[in-house]
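After the structure tokens below, expect a handful of questions from me.
Chain lettering (A, B, C and D) follows the sequence in which the chains are written, and residue indices restart at 1 in each chain.
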Amino acid sequence: MKKNSILILLLTFITLSIYGQRKIVKLPNLPGYITLKCDFHIHTVFSDANVWPTVRIDEAVRDGLDALAFTDHLEYTPHKNYVPVDFNAAWKIGETYAKERNLILVHGAEITRKMPPGHFNALFISDASLILQDSVWDSFEAAIKQGAFLQWNHPGWKAQQPDGIPRMYDIHEKLIKKGWLHGVEFFNSNEYYPLVFKFAKDNNLTLTGNSDVHGVISEIYKEPDYNNRPMTLVFAKERTSDALKEAMFAGRTMVYFQDKLVGKEEYAKPFIYQCISVGKPYYENEKNLYFEVTNNSDVPFYLVNGIPDAPASITLAANSVTRIVINKKVAAPLVYDVKNVIIGENEVLKIELKY
Amino acid sequence: MKKNSILILLLTFITLSIYGQRKIVKLPNLPGYITLKCDFHIHTVFSDANVWPTVRIDEAVRDGLDALAFTDHLEYTPHKNYVPVDFNAAWKIGETYAKERNLILVHGAEITRKMPPGHFNALFISDASLILQDSVWDSFEAAIKQGAFLQWNHPGWKAQQPDGIPRMYDIHEKLIKKGWLHGVEFFNSNEYYPLVFKFAKDNNLTLTGNSDVHGVISEIYKEPDYNNRPMTLVFAKERTSDALKEAMFAGRTMVYFQDKLVGKEEYAKPFIYQCISVGKPYYENEKNLYFEVTNNSDVPFYLVNGIPDAPASITLAANSVTRIVINKKVAAPLVYDVKNVIIGENEVLKIELKY
Amino acid sequence: MKKNSILILLLTFITLSIYGQRKIVKLPNLPGYITLKCDFHIHTVFSDANVWPTVRIDEAVRDGLDALAFTDHLEYTPHKNYVPVDFNAAWKIGETYAKERNLILVHGAEITRKMPPGHFNALFISDASLILQDSVWDSFEAAIKQGAFLQWNHPGWKAQQPDGIPRMYDIHEKLIKKGWLHGVEFFNSNEYYPLVFKFAKDNNLTLTGNSDVHGVISEIYKEPDYNNRPMTLVFAKERTSDALKEAMFAGRTMVYFQDKLVGKEEYAKPFIYQCISVGKPYYENEKNLYFEVTNNSDVPFYLVNGIPDAPASITLAANSVTRIVINKKVAAPLVYDVKNVIIGENEVLKIELKY
Amino acid sequence: MKKNSILILLLTFITLSIYGQRKIVKLPNLPGYITLKCDFHIHTVFSDANVWPTVRIDEAVRDGLDALAFTDHLEYTPHKNYVPVDFNAAWKIGETYAKERNLILVHGAEITRKMPPGHFNALFISDASLILQDSVWDSFEAAIKQGAFLQWNHPGWKAQQPDGIPRMYDIHEKLIKKGWLHGVEFFNSNEYYPLVFKFAKDNNLTLTGNSDVHGVISEIYKEPDYNNRPMTLVFAKERTSDALKEAMFAGRTMVYFQDKLVGKEEYAKPFIYQCISVGKPYYENEKNLYFEVTNNSDVPFYLVNGIPDAPASITLAANSVTRIVINKKVAAPLVYDVKNVIIGENEVLKIELKY
């Protein structure tokens, strides 16, 4: 029997569902920018995760991402008895597969140390194997030499920071002083670290939010507990790897997870106003005025702390039109805190409904 | 104990969830028109259904409708031992309730006879009680006097037409000749009648699709079996009752149920091209060209009968971007039949993907 | 046209789905008793709710109940302009319909006053109209004369008790002293009142938990927020109305809602041990012992406060087998608090896993 | 920095959800036997699938299986550039992991040839590497030497049998004559082959049904399309690997997928009667008699071809009590065909409802 005839027959295994679909995640662009949905922290069978790299790309398509990064651990490869260590393997396997699916695949690696300094992703690199070094500083330097965007991962991860509170150690200060630290995770898997917002503001770091997935995305982020994985929203000039990298270094991001949108006010404010629109009053009676707010995005907005004679709180459900009834006596502008749009360590966005 | 203090306390019963949300049904407008989502066949406790009229309005809000009609049977009121017959009751109860929720409530009634002529909805009427008459012709005349839009309901309903095939009897011909018949149901609850398309074309009748609901909408039209109730899509000049009525008499409708869109080609064609957009090729290799089609609507489109070297069939999933891979040898235009967009008794829409 | 031919044709409207299915709610019996799943607080279109009585029976079938009570308000009938007041109407309409579906239908009424004394359901009555009286004491007396089980409804309802804390007023003490108060709601719709457990213990009252539904059950109690409506579990000698009544007066109940089971320890303890079974160890290594606990019920059990070297907390998911791994050094009995099985105002059940 | 401190920190990665839950699949035992739920056809990253072996075990726990077999292709290992070929790797990785989870892990391999003879699983083997041979007969012999149960996989798979109709070639006849072929797949992934029932009957082969999974189980077999993967139900004397093997060689199986139960009548009949119980009539009126059928299993049963005056068809929904209404005139036994219980190539089970 000839080997190639086996091969031909078996190829049919992998031709199923060749025309995959990318879900449209309804999040708006900002004027002048395209919003790229990204996950910059993903593991495969080549470090300590359980799936083949192509699975990660299929998952990203399904979740409507524009970009993803493979970031296998350099210092932790528990499958090595069966899978020889190759820090560029996932990238090599995924490169064409991603292109065919119109996804931007970012080459990355995770520098994995105990705290301090903890874990760091080197993103937009060219050769991960050069970054594995005995000294963590040598690792940092090798990454920077490749033009890497360096992201401090999960600064408040309890396995490394038992009280869950992120801390800046000398080594982090030093990294920042050298200009080698570019980003920091606000969301990591199902955790988030409010204090990271302060770190980012004080040191001009880019906020990111990522899955750090080891298992299967659809088994972790599923209804009723979750409606999407954590994402970094990057406001890029175009949908290319270069434009993505430029925007990341420029700090133009927000992060999104579990109905929470987090980012600087300069991005958050126009973003929300792209999501919602307020209609003219459509009905009134002796006492009340009725108008509607349309939310065309996948994110519900929870408005709280309303003024007197207006509703104390309003939920603008995702992809819905919400009816608002206010007393005609209301004179002042209808200003609300948006509970789930975070623009500082302890600060949420304020918006006005102009009906 | 004073009665009015009871009343005040009890009013709190009905103030729950005062700020309801209308789901956005993602269906496009046509140039120059607004697409109104409508259900013109709805029963309440005032004939043989099981819910209070306000429930129907809440259901319509939830389903993202713009308009609904109460059409209780005139000749069948099985609850009359407990609920006195009042053919305008549902309308009176619902009128303000609908206005407060920015819904167009259409006053209607169902003339209910055995076949022929069967059942007819009189829509946009002013007083249902005048339409109940011993002679069905007197009923028709009373409706027409009120300016009614007369809709022939479920012409192929098996309880009246055991073989399920709609038939034009003399009385229908006569109605048409007098100009008294304006519309006909293509969809009724979970049934549909292909032959109705021919009746509509031959006699210039407006196509409608409605729920004819007697139970609870959310218990009937639910996943996994259904994703929405049957709807009449009306292309109106504005979102008002008058504009709705004008469009209905002018025949500017399509009907929508279970992934099926049905209507004249003059509406169906621009409608689909408002739903989808075809991207430029984003990748190619030696053999193939890759491009994407974005479907921004809630309706999946099933493309079939592809040309050689192109995919034989393609599903453009709702709210998704679909990747298309074609052989570079393809020279002819990429034309497909859209299996679920029906533009004639036995005819589906053809579209071209211009990449 | 003859009227009766219309009738015959139209009867087909109501013959749909004649063979309905009752969901099996997996809750065990107690030795010597059958566990009847009941809802003793239900409204219809005949007071201030929105559905016809038969809808309530269909809902009960779907939810797997054994018994339900119609308890329309006597003093609050806001639909009376359209639906003449008839306090026995729901019962008359439902009686045969329930029998055909093998459900026990309890005749009831809600005595509806401001606090004190608040609202009370008279259950197992024969004529609701006799219970409407100017004086609430006359109402109580009329109910008791009919052999009613008198249930104090939602004692901590914020519309009547703004701090949400139930209070015993003189009138309640007096009712108890006369032996006229038999039960009290621990759960009402989505609320619950821990202090009610104390009232029940001190005064020998039967605990109940009910929906107090006004809208549509399936729209209120649905995933992901709810997996069932509140229920009273009654341990009856047989599945009859008389046995149900006997058990209610004897106080043999638990109440169940949202993963919470509430009742006296004498019922709660054997109930849980009927739900779960502990297997023998199936595996061990040098350090640990492995065994399984099977939970054959629809209720998950949340075990907390484990002893040293055993898991601190364990979730025994519903309809699942849970693997337990304990250190071989564990010597003491494996005792846990079951966080969601409440046996007193501030007390949860303790159980031992005997592997 | 010391390596072992990294290790300790990182071990926390893999300690999440240590107390996993096995879903209870509600399928009854047969008198004298335990029903083991099994999947005998599973791939991993060590041939052409996309997940690590432990993922398969976690999936099996979640799906409530008792046993699973790793059956990677011997002749098709497309990941070999990154993952060195090791036909026992999955087994070695999974052995203890399965034991800890109380699952029976069967060592297997897939002999992978074009048709004829097609693909075969060798199950209950000890060393897969010895079975890879140039000649397929040498492969068969090596498997048999290890005491293998030899299963013919997907005989009607269209990639090998374009018309979808399974065919016995000389080589299969020869295998059977030698007593080397023991089982045959009736279900494989989402396909099934009715003719296989004839092959099994004529040649005394054991029926099996398996997933042949390459991707992620939960992404393939999910609502609304699927409620479980295909399974082989094995009637074993006890829940051990040896008893499982004995039962497989003895042919005591049924197969289960998508509401279909398939097997010899001698197993199917008692199996169904363990699932359902028929109650005594609970109500009657002048015309009809009412009784209930309880279905305590996860399988709905579709009864068709009822006798006159009884319902023509009845659905006994899973985990539900179904109400049956029959005309009192019914005299003959209530016999039905159970449309989804298949006991021959073109034969379904008949049952009688004795009320």
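Rule of thumb we're sticking to: a contact is a pair of C-beta atoms (placed from the backbone, for glycine too) under 8 Å apart; a residue touches a chain by one contact, two chains touch by 3 or more.
The structure presented is a predicted model; accordingly, all values stated were derived computationally and were not measured.
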Which of B-D and C-D has more C-beta pairs touching across its chains:
C-D
From the centre of chain C, which chain's CA centre is farthest?
A
Centroid of chain C to centroid of chain D, CA atoms only: how many Å?
40
Express in whole angstrom the distance between the two chain centres, defined as the mean CA positions of chain B and chain D.
44
For chain B, residues contacting two or more additional chains:
none
Touching residues on chain B, where the partner in the complex is chain A
18-24, 26, 99-102, 282-283, 285, 290, 292, 294, 296, 311, 314-315, 317, 319-325
What does chain B use to touch chain C in their complex?
1, 5-7, 9-10, 12-14, 45-46, 48-52, 54-55, 73, 75-76, 79, 82-84, 86, 89, 93, 112-114, 136, 159-160, 214-216, 218-219
Of all residues in chain C, which touch chain A in the complex?
223-224
